[in-house]
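Take a look at the structures listed below.
Below, chain A partners chain B and then partners chain C, in two separate complexes.
Now for the complex of A and B:
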């Protein structure tokens, strides 16, 4: 009967699944993937302690920063398919705000870096409402412009030390119990930020909001027609993708003991993050992690080898070109096309 | 007052060279929707070609310009077949990364060969003095050459068969192919032409300022600003955009410290992108 069908349809239209927050959490806890993230984070965090190896800590610290940058950038490039070339501006600006609050105002380090993250996200949201009206290449160019404008501004901004930047004295580490324990503290926090980045990528991918973002990536006009509030969603994902990199920036520069404009707003690092994503596989959660670790290893090897140290840039460029031309899905895309069972375990 | 005027005029002269660089970028964008991120590296290539040419043969830098055009054109064709050909029509990220990877390769090789120490091309030309302000001869000459090349490009695009083919492919590639135009070769030629323009602008910049292997980045960013001011894909707009940028720089110099110029430039850039995504000088139909 047509009338009963239409009633069914009407019922189905108004039906809303009553899922409590606990159900929602349980749905994820049953999945293997979030646990993999937790285990991975714990292993990275504890490895240098167990092995009692400071140089391992330094290289893992850099890797954690790379993973944080790559996986948050992946929210834009892989999910929403908006090419953000100036993503390093989050890292640099968050670093400046965090370090400035922690040194000049003697605010607690954790609060300072969180404040950096909140400020950067708020700025990104406001800014995103403006520049995210641009599509494709226009947006990519605008992000470069934003990074360069802020770079030039900070270079001239005297309270932040202008072109010379901010140097931390040894006293800055006193609240953390001296420089040694301060470094370990920063390391644990950075690894935590890395783990949170991965969980964030997972949470967004499995949420309704994430579905909207992925739809924008597939076809923005179609998504808008189907009721995805595209301008708001784009601004939100832009703001979210800025938060954890900004926090990581604060921790990283606090740990380094110096922050200066050329190091904080380096476009090359921005592009390196894109290389990591491409290497691992854009749009996946595991891909940027694999890419970041591989790139960190490769970079270290090229920098320290006798024959290749001059040609580091050349080889990295050639690698990128080969990926772009022949393996656009990255390592993970390539693997998953051959081994479909990997999809459940490596999302 | 005359000081400000002189500064603006000098800015316009240098701006014409920026415009030439941006024409290369915008031509490639207009024809194949590819933003050439190896643009800066190409500009540096032009600088070094003219440096070694004048060093080896002792001829004036201006005599070397045709050689630079040929080198640039050939380099452009090679780059096209190496990296651009496969990414045309694919997502914008792919073409950005493909050209950027070439940028890394070229800069890496150039750094290994020539280090990052500064070079300069010695050119002596008499300047023109008005009251107590002197307009440098090299600036005037560079602007004249830039203008002439822009004129030649215009004539080429509008009155020759290959030029018309380029415009046909830019306007509708499928229709051009159906009409018997070998579009792939035309794209390669357009890319070569764009790269040649960037090379020549590099050669001209080398006669104005000292340069290093890494100078390209700054001029690439300036080219983006100019391109956006003039409207992406619009060569005539690019020249006007370049002159406008030069004027802004010239106008800002007497009032603000030099280090503030980039803030003004990039502020203008982002505002233009948001307010006039088609460019301020986009009077041709888009």
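Now for the complex of A and C:
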């Protein structure tokens, strides 16, 4: 994995500085990869419509949420190499703010979830300035602490329903034309958020800011010596990695019809997101996507299969163990090591 | 999908033909086969299965001149809301479930209801006591348990019966469930003209209730209502006895329901607890098994005495069956209309659903029973003392 990152770094580093914005856009448009992201997003978004399959929509919706979580977490884990165990706090808090605004204040859904994203990012920046001074295990512990603290706060915060949370009525979906079309609307938005997450990962990786972040991941002290403003960069990437998961949280919980503290701040989901990254390949853009889809499909398959449904957790655990033990670079790392031409297409 | 369509077309053709295939009615649900709710969900699932076997042994549900064998389709929801909507969508669209049972626990019920309501599927909610869910304008969701706010209503009834001027002390754990119950009961008590002598909440980890008990004594209260869970409830009961609080009536949530409570010895005597159902109740059912028959059959099959989750599962399913038979059809609208009219007593107690659009489907017929620990021939036993039509022993006040 480190070698593939340093190659990416070297590749990104060959671009000349001092370009105009139009040049910048043109440079990306010429590359095949962003187009792959756009096509992929469109395919996911349209597949359930074309196949007229609501079950497929539900499965892809979960996958889109997972991709969003994994891909944004990858900015921390894969790029900056800071393990954020409490990443689910973005999702949960964004969910609460979004659902609260959309139901209690009847704010437009899109504005509500965007507000959730902005609030969470702002908070993350402030927190980030504080806790990103910590490194390694201490940072990981601090992120769990943040999640637990917010969890405890929300459990006792009566305007958000306290321990029982906020229950949505069917009327909440009326502005979107009833629950039936409301759920489709949430689906399209979630797929869009997933696409934006991937483009964001790509944009950061190919930017000067991204170079700084990757340098922090390789060796933070060296990066600081070379002039990367590490505390500020780390706080910014922490804040950025919270924005889209928070938006996704608002959409997801609005779609679920209920948000309650134990479901919103569930550490298990945090860990699952980390597993997806490891499965697909940390530090790459495609990796978390592959990981998230594989994970979701695997769990779904085991859950529905007649033979395995009683053993699904055992099998999922065993498979993950095998992957982590024998393919530490993740699936994408393994492929890229064997098929170098893939590197241009799957970053 | 395409394949499913052909199969369906073939099935429709067969059904129309002279060689009548056996009709089935598919009921879908998720159960918590893994995760923290597994224990309660499993006993509920056993209730469902026992009902299905009973019904099918008798030839199925009879409606409109046909007999429908009952088929279950179920998935594991892992005790989490994450997959509930995916699974219920699948149950409805792919497995073609005609009726639904809810998952276990209030949060999961609310999540599943978003899907069942969209498709207009009747969902029997078995295992969601939280009342918020039923105040959202759902039309096809029907609750079989008594809601949280009614947990201590039976205790107030007993007090009204024995001492209408009683002064009540509310002492309860500082957790959401106990808080909600205590606050709702306090309002009921005020409406009934009782005096609230004291109101104290304590943290879940409290081990020394001395100061609180002193306050209770000096407030001159006759009765104490409250408690929380096992550890704090049993400690509170023991210390009340040790400090000779001289209360005439004590009802605590949850803790005294456990068989372990009898280990408290003399401290347990007279303490009462609300419960959705107890095996020894003596309701006279309008149809279906009596409480004793149910308990016997269940124990024979699973080698364990049924708790209220199992009984609730069986009776909830039976109420659905009753409505289908009355409607003479498996059309969800007609069945929902029958459920709205339901006003029956089964071995689980009365069942009647609210038809007020603001709280549609909320259970308003079923009442909690009140059990009390009493000394019988030198042994501690838990007797049902309230309501009158279910009691196994007289109230000890």
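Everything that follows uses one rule, which is that the second predicted complex is superposed on the first by the 319 of 347 C-alpha atoms of A that agree within 3 Å, B and C clash if a C-alpha of one lies under 4 Å from a C-alpha of the other, contacts with A are read in each partner's own complex, and residues count from 1 in each chain.
The rule is simple: a contact is a pair of C-beta atoms (placed from the backbone, for glycine too) under 8 Å apart; a residue touches a chain by one contact, two chains touch by 3 or more.
The shown structure was predicted, so the numbers you read here are calculated from the model rather than taken from an experiment.
A.B. asks: For A:301, is the partner it touches chain B (first), chain C (second), both, or none of the two (neither)?
C.D. replies: neither
A.B. asks: Touch check for A:134: first (chain B), second (chain C), both, or neither?
C.D. replies: A:134 sits against chain B, while chain C stays out of touch.
A.B. asks: With the two structures laid over each other on chain A, which partner does A:263 touch: chain B (first), chain C (second), both, or neither?
C.D. replies: In the superposition, A:263 touches chain C alone.
A.B. asks: When the two structures are overlaid on chain A, which partner does A:321 contact: first (chain B), second (chain C), both, or neither?
C.D. replies: Only chain B; A:321 stays clear of chain C.
A.B. asks: One more residue to check, A:145. First (chain B), second (chain C), both or neither?
C.D. replies: In the superposition, A:145 touches chain B alone.
A.B. asks: Go through chain A and flag every residue that touches chain B in one model and chain C in the other.
C.D. replies: Residues 163, 310, 312-313 of chain A touch both chain B and chain C.
A.B. asks: Considering only the defined contacts, which chain B positions touch chain A in the complex?
C.D. replies: On the chain B side, the touching residues are 29, 33, 35, 82-83, 86-87, 90-94, 96-98, 100-105, 107-109, 111-112, 217, 221, 224-225, 228, 232, 257, 259-260, 262-263, 266-267, 269-270, 273-274, 277.
A.B. asks: Touching chain B in the complex: which residues of chain A?
C.D. replies: My answer: residues 77, 81, 83, 85, 130-131, 133-134, 136-138, 140-142, 144-146, 148-149, 151-153, 155-156, 163, 267, 271, 274-275, 278, 282, 310-321, 324-325, 328.
A.B. asks: Going by the contact rule at the top, pick out the chain A residues touching chain C in the complex.
C.D. replies: So the residues of chain A touching chain C come out as 51-55, 57-59, 61-62, 162-165, 167-171, 179-180, 183, 255-258, 260, 262-263, 266, 269, 300, 303-304, 309-310, 312-313.
A.B. asks: Give the list of chain C residues in touch with chain A in this complex.
C.D. replies: Chain C reaches chain A through residues 1, 33-34, 75-76, 78, 80-83, 85-87, 89-90, 93-94, 106-107, 110-111, 113-114, 117-118, 130, 132-133, 135-138, 175-176, 180.
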